[in-house]
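In the two complexes that follow, chain A is the common piece, with chain B as its partner first and chain C second.
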Partner chain A sequence: MIQITRRADVTAVHSLLSVAIAAVLTIVISTGVLFLTAKAPVDALSQLLTYPYQGGTIMVQWSKALNMAAYLGVMGLGLSICYRANVWNIGAEGQFAMGGIGAFGTWLLLGSPTAAWAIPCLLIGGALAGLLWASIPALLKTRANTNELLTSLMLVYVAAQTLFFVSNGPWQAPVRYSPPQTIVLPETVQLNAMLTGVPTFHAGLPIALGLFVVIALLVLYTPFGYRLKVTETTPRAARFAGYSPAATVWAVFLLSGALSGVMGAIYLLGDIGYVTEESNFLRGFGFSAIVVAFLGRLHPVGILFAALLLGYVAGGASWIQANLREDDSIAGFIEVIALMSTLASALFLQYRVTWRGIIAQTQESP
Partner chain B sequence: MKRVLSLFTAAALSLGFATGASAELKVGFIYVGPVEDLGWTFRHDEGRKAIEKHFGNKVSTTFIENVPEGPAAVDAITDLAETGHDLIFTTSFGFMNPTNTVAANYPKVKFEHATGFTRNTDNIATFSARFYEGRVIQGLIASKMTKTNKIGYIASFPIPEVIRGINAFTLEARKHNPNIEVDIRWVFSWFDPAKEAEAATALIDAGADIIVQHTDSPAPVQVAESRGVYAFGQASDMSRFGPNAHLVSIVDNWDSYYIDRVQAALDGTWSGGATADTWWGLSKDGKGNGIGMVEMASYNEKVLGSALYAEAKALETALFKGDRHAFPCAGLKKQDGSIPEECASGAPHLVDFPTLVTKDWYIEGITQSIPK
Partner chain C sequence: MLLNLNTITKKYPGVVANDSVSLQLEAGQILALLGENGAGKSTLMKILAGLVQPDDGQIRVQGETVTIRSPSHSRQLGIGMVQQHFALFDGLSAIDNIALGLPQLPRAELRTRATQLAHTYGFKLDLDEAVFALSAGEKQRIEIVRTLLGEPKILILDEPTSVLTPQEADQLFEAIRRMAEKGHGIIFISHKLDEVARLCDSAVILRRGRVVGTCDPRETSNADMAAMMLGSRLPERIDAEPRTLGQTQLSIQNARSVQGDAAISTLSVRAGEILGIAGVAGNGQDAVFALLSGESPASDPESLRWQEAAVGGFDPNRRRTALGWAFVPEERLGHGAVPHLSLTENALLTNLADPTFASQHWIHWGQVTHTAETIAADFDVRHSGLHRQARSLSGGNLQKFVVGRELLKHPNLLVINQPTWGVDMGAARRIRGAIQDLARAGGAAIVISQDLDELFELCDTLCVINQGTLQPPRPIGDWTLVELGLAMGGQLHEGAA
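Moving on to the complex of A and B:
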């Protein structure tokens, strides 16, 4: 009988060590696979690591990495709040999609304005839509005690079908495109490249950074953050402290849903400009954000680094695909290996894994 | 561990000269499906290989496959421009806006967009084939081969290119057999073998004994073969997927256009912009001169019988030489019974520009309506 118990003597050194081990494992395995699969492994590896300085436009290349990191970071931070409270929201992708739909719907409700004052309204509309979408699993969890893992995930597919519906149905542009889409938001309502001239370096990035900092401070330094910490480490103590479990479920779902929703709105306003069917609108940010949350060990600083890492690797993978005709699925592979290494090293360093006789079953596990 | 370290050293050493061999011209392709789709994307990739074969070391080519037709396309096209590609072919209608977006950002790079009609900057050209000429031949064959008078038509997206194919097919089929009913199913995808097969099955269940497709995989031909009905191949020669079912394939042939354009880029004579739109049909000029972009391949003579085969070949020749047009004005009506504008003003047939490029109405005889 394998038994896993939390070590009582985990120190900061342990934590750093487990991160270091995970990093080494990721590098070794990823490099190995790249060398086994790539046509020109040495070029592929070096360009994967240094692509912003390989002859392209440096700003464009960095913007690819930072742009993706912004989505993964903010959504990953929102999800980490859920996971700290032992609430398993894996539906960020759907909340993100509804954020885009909500922002576009807000624009229509406001009478299709072309002035910049609409931008904050659309962002708020997106946040509200994501929040409402996340409130469904929260309601089901607190009222009917359904498993939020299932409901939040299933709602991703409902949101995807909603994207298909609005872009094929009520909001379809009068000029037909394949695939169907809504009309494009006026440029004055888009978060375009106000400062840099590089299209992906848009005003959504500072907004995302601001959100990230605010939420990180909330997690690290406020009573709400303390409550999360208590709930995460000792659920029983949280109950003794009078924290209502239902209120926690609501709080974390609504907060993470709103964060995913606002990122969906930023995506609409900054990167795409229109709503279209899911295979062209969604890019898996909501699922990668789950990986980022765990890669970052549910800590804001860790999540920041994890998001930057995955964003950078994804940019590099698309670079070697275009430049060397390598397969860009190496990015997804590295993402998975990093996650597995992190989870494994955390397991072995923060927990004690022991083999016990069958008798051990009768012992009370903490 | 030592090996890993040495690999890293090697990687570090290669940093300075990692950009690779220098060809005179770097040509990149963006594909909507996988190279192995055995249809649309496969034929574009054959065109890419024809470039490599023709120009050898003077030109290097690459491609990115399975690119969705949204913001991901902007990223992929940008990647090709960023990695120093001089000429970029984007080979799906849905890349129209992404191509225009990226072209505006990279004025020195040349862009070629397949089947689109927007050229906002001088560095974009568009090209398309008169696939509808092939649809006419399919219409003739279907009209003579069907017993149930029901034809199943698997359509991808309700865009002008697909609609004019449906129109050309229906017009010719009903000319020979007015009882024919064309049953159109929309799968809203270019390449989705499962959905395409599902649509084929549904159409056959509803009584269709001939399957026409405007999607990219051979799945419908395979379904037709297993169900004992007939089918036409699309984009590439699909005869091997249905030895008994397959009647003829419309094959896209981009080779000579691609070679022309690469040559022009090398010579400095390449041009794009408002008027840079090239359409070739069975013949290059529509009057019988030069091999065009549309080819009829692998007529199934055994199944067609010699009389029908000869009739189809004669029609092909007439279309090749321009003696016949796919949309003659005589008797041509829109679905609502009205007469198309240029026919009303006395033209002999519908014209490519602008009618056929942008038209989104069905002809008379189709009972369904275009999805809204």
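Moving on to the complex of A and C:
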């Protein structure tokens, strides 16, 4: 029979081994599915893996991947902080949407300026909006002990309806678009492209990278990071060390909410330029970020790689859809397989699986 | 003879759990198995349940020598066991839970027989009610009915009254008597002397794995049984250098935890004093520890006073920094230390509020590493690198590390729960010595322990905890063995305040 025993000590070798197992599983299963579903599987696979060099502009393709990785990385890192503290914030999508709304609202409040000094104000406005949105589940959890999994998720849908409301209601552009939207922010308060002809490679990316580095250092080296490490595995030891559980809930919700919010503002200023209905504004970054957090084992370095991986795969999937008329839902599929493989291989990290004969089992009698 | 155990021996590394234990059980007999925690009751029951194989000795069931291979084999042999902790599915109804244990019986027959059994033993039991809606007593009745449906000849009840109200316990005793009248042999495991005296017609007393006596509890006084349970005499005090006691430091009056799971009526500790808290495991030691450490603050801040200041509302870190208290919980992994963090990181755990270790924004790893090294050197912690995870250490070494971390702060008050639980002799001596050194240097200590030898070795005063309530302390020399046994069994001693 198979016996599963806990490892006494987890070493770096086990860690790398389990990542390798996850990678192999993901590649094998994804390739299998691609071969079953694609019309031209060999082409699809090779182009999915090498799409930046398949005839399009190389920088455009790479920057699409980097652009998506920026959103997934920063939001995934924010969520990982929550999950380490055993706080289940799955509402990053809503906090991101409110970030966009908050940034646009800030612009209106400032009197629709056209000067570049507005940009930092808008980013801060977005961060505050995301933070406020995340404070709702935090308040409900600390005051009424509600399940933050439900409240944070429900607030995603409220935020989506808010997008619908502002783009159809008070902020609707005088010129009617379909679907309805606000007016476009002036070029001067947008985060402009850093390379001509590559719009997705905009000034928001270095900002995101800076945020990522700061938060990663916070998680790895400060007393706050230590607090997360203690709380992650042993809430009882955290209380013993003097950490208040309620304060932890507040801290992680506000921090991750602000990060999602500022990314929403960057999205508004760098990628889209206006607020519109959910279907055109939200691209599921907030949900993919949950996958990224776990794919990266809640560790900043892992999250960085996971975000780059998923960003790259998403770019490849849209490339094969555009050029080979293949279904781009393969990207979502690979995302899920990678997550499942990572979670499954975590078993090998924590436990030793051995085969033990049944005879050996019953031979214990004196 | 239903059951005959002959010189059963079971050794674990470092401890003999059962040392030549023999006992006999006849049909219709209610036999008490008495003993403190760690006396070997559970091991003996695990052997009968087929979970553990003895190293030596014979088991005879109804005259036949057997090897009990597994729990199902144990049931086939006619041994039924009602565990202290219920194994019921909360979402299922009573009858569904019963059916899970006996899948071979048709549902209709099961229902008829379960109803019959409940009627025979005077159990009120609604078979269709979901388990989560039932009281502990009702859940226990489901377990008993389920066990009885297997038609055992021998029924073993492990601390069955620990979760019951007195009224429910009375009903249970009535049912047990009827079972005995019907020819079942009953083994009743307990440490509550008055229950044993009321219910049982014979008793086997275990202490440290050995049978130290048998008696008829109806004719033996509770005091005599307590004496057997705790050993023939009180351990002697062996503190070489007497300590001088100073001013009263900590005084507690009518303190309760916010959750209401711990209560201390009156208690005071002087400088240089070691106060012991004795009690049988599971009587609220953890709750009292949390009340003292501030993990669950006192409902009235005035009820805890340190040098006259009201400190009941202080959280653990404020007690550590402002008052100089230090705490060592019972659970090493997961409470006193974080299993997945390195020893160095664990050295920081209770020093976070100390500015020499960490500011608001930065951890002074140099200081933390130095402290970890000092702890390991001063307290003889055997480790294979301070970067290794805490859980890679043996229990004794990790306990030395945790105790060392707290004592290195030279606390004004040390609260320590089960200081040497699961720790080898050498480490235990080292830890006890360190507590005495602290007291000799003028610090105060509160030691919560189940080990009476340890308490008598260390303490100046002693009190007893029972069901979350701490009785007033008395000087260690004033306690008699009988009073101590009775108090630990839940009876107030005469002359108690």
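Convention: the second predicted complex is superposed on the first by the 337 of 366 C-alpha atoms of A that agree within 3 Å, B and C clash if a C-alpha of one lies under 4 Å from a C-alpha of the other, contacts with A are read in each partner's own complex, and residues count from 1 in each chain.
As a convention for this text, contacts are C-beta pairs under 8 Å (C-beta built on N, C-alpha and C of every residue); 3 or more make two chains touch, one makes a residue touch a chain.
This structure is a prediction, so every number in the text was calculated from the model and none was measured.
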Contacts of A:T188 with chain B and chain C, given as first, second, both or neither: neither
First, second, both or neither for A:T234, with chain B first and chain C second: second
Touching partner for A:Y226 - first (chain B), second (chain C), both, neither: second
Contact breadth on chain A, by residue count: chain C or chain B: B
Contacts of A:T146 with chain B and chain C, given as first, second, both or neither: neither
Which of chain B and chain C A:S244 touches, first, second, both or neither: second
Complex contacts: residues of chain A adjacent to chain C: 8-10, 221-223, 226, 229-230, 233-234, 236-237, 239-242, 244, 362, 364-366
Chain B residues within the chain A interface of the complex: 4, 7-8, 10-12, 14-15, 18-20, 28, 62-64, 68-72, 75-76, 78-80, 82-85, 93-94, 96-97, 101, 105, 156-160, 188, 190, 360, 371-372
Residue ranges of chain C in contact with chain A within the complex: 53-56, 67, 69, 293, 295, 315-317, 320, 327, 329, 331, 334-341, 345, 348-350, 352-353, 358-363, 388-389, 391-392
Residue numbers on chain A that touch chain B, as the complex places them: 27-28, 31-32, 35, 40-43, 45-47, 49-50, 54-57, 60-61, 64, 168-169, 172, 176-181, 199, 271-272, 276-277, 279-281, 283, 318-319, 321-325
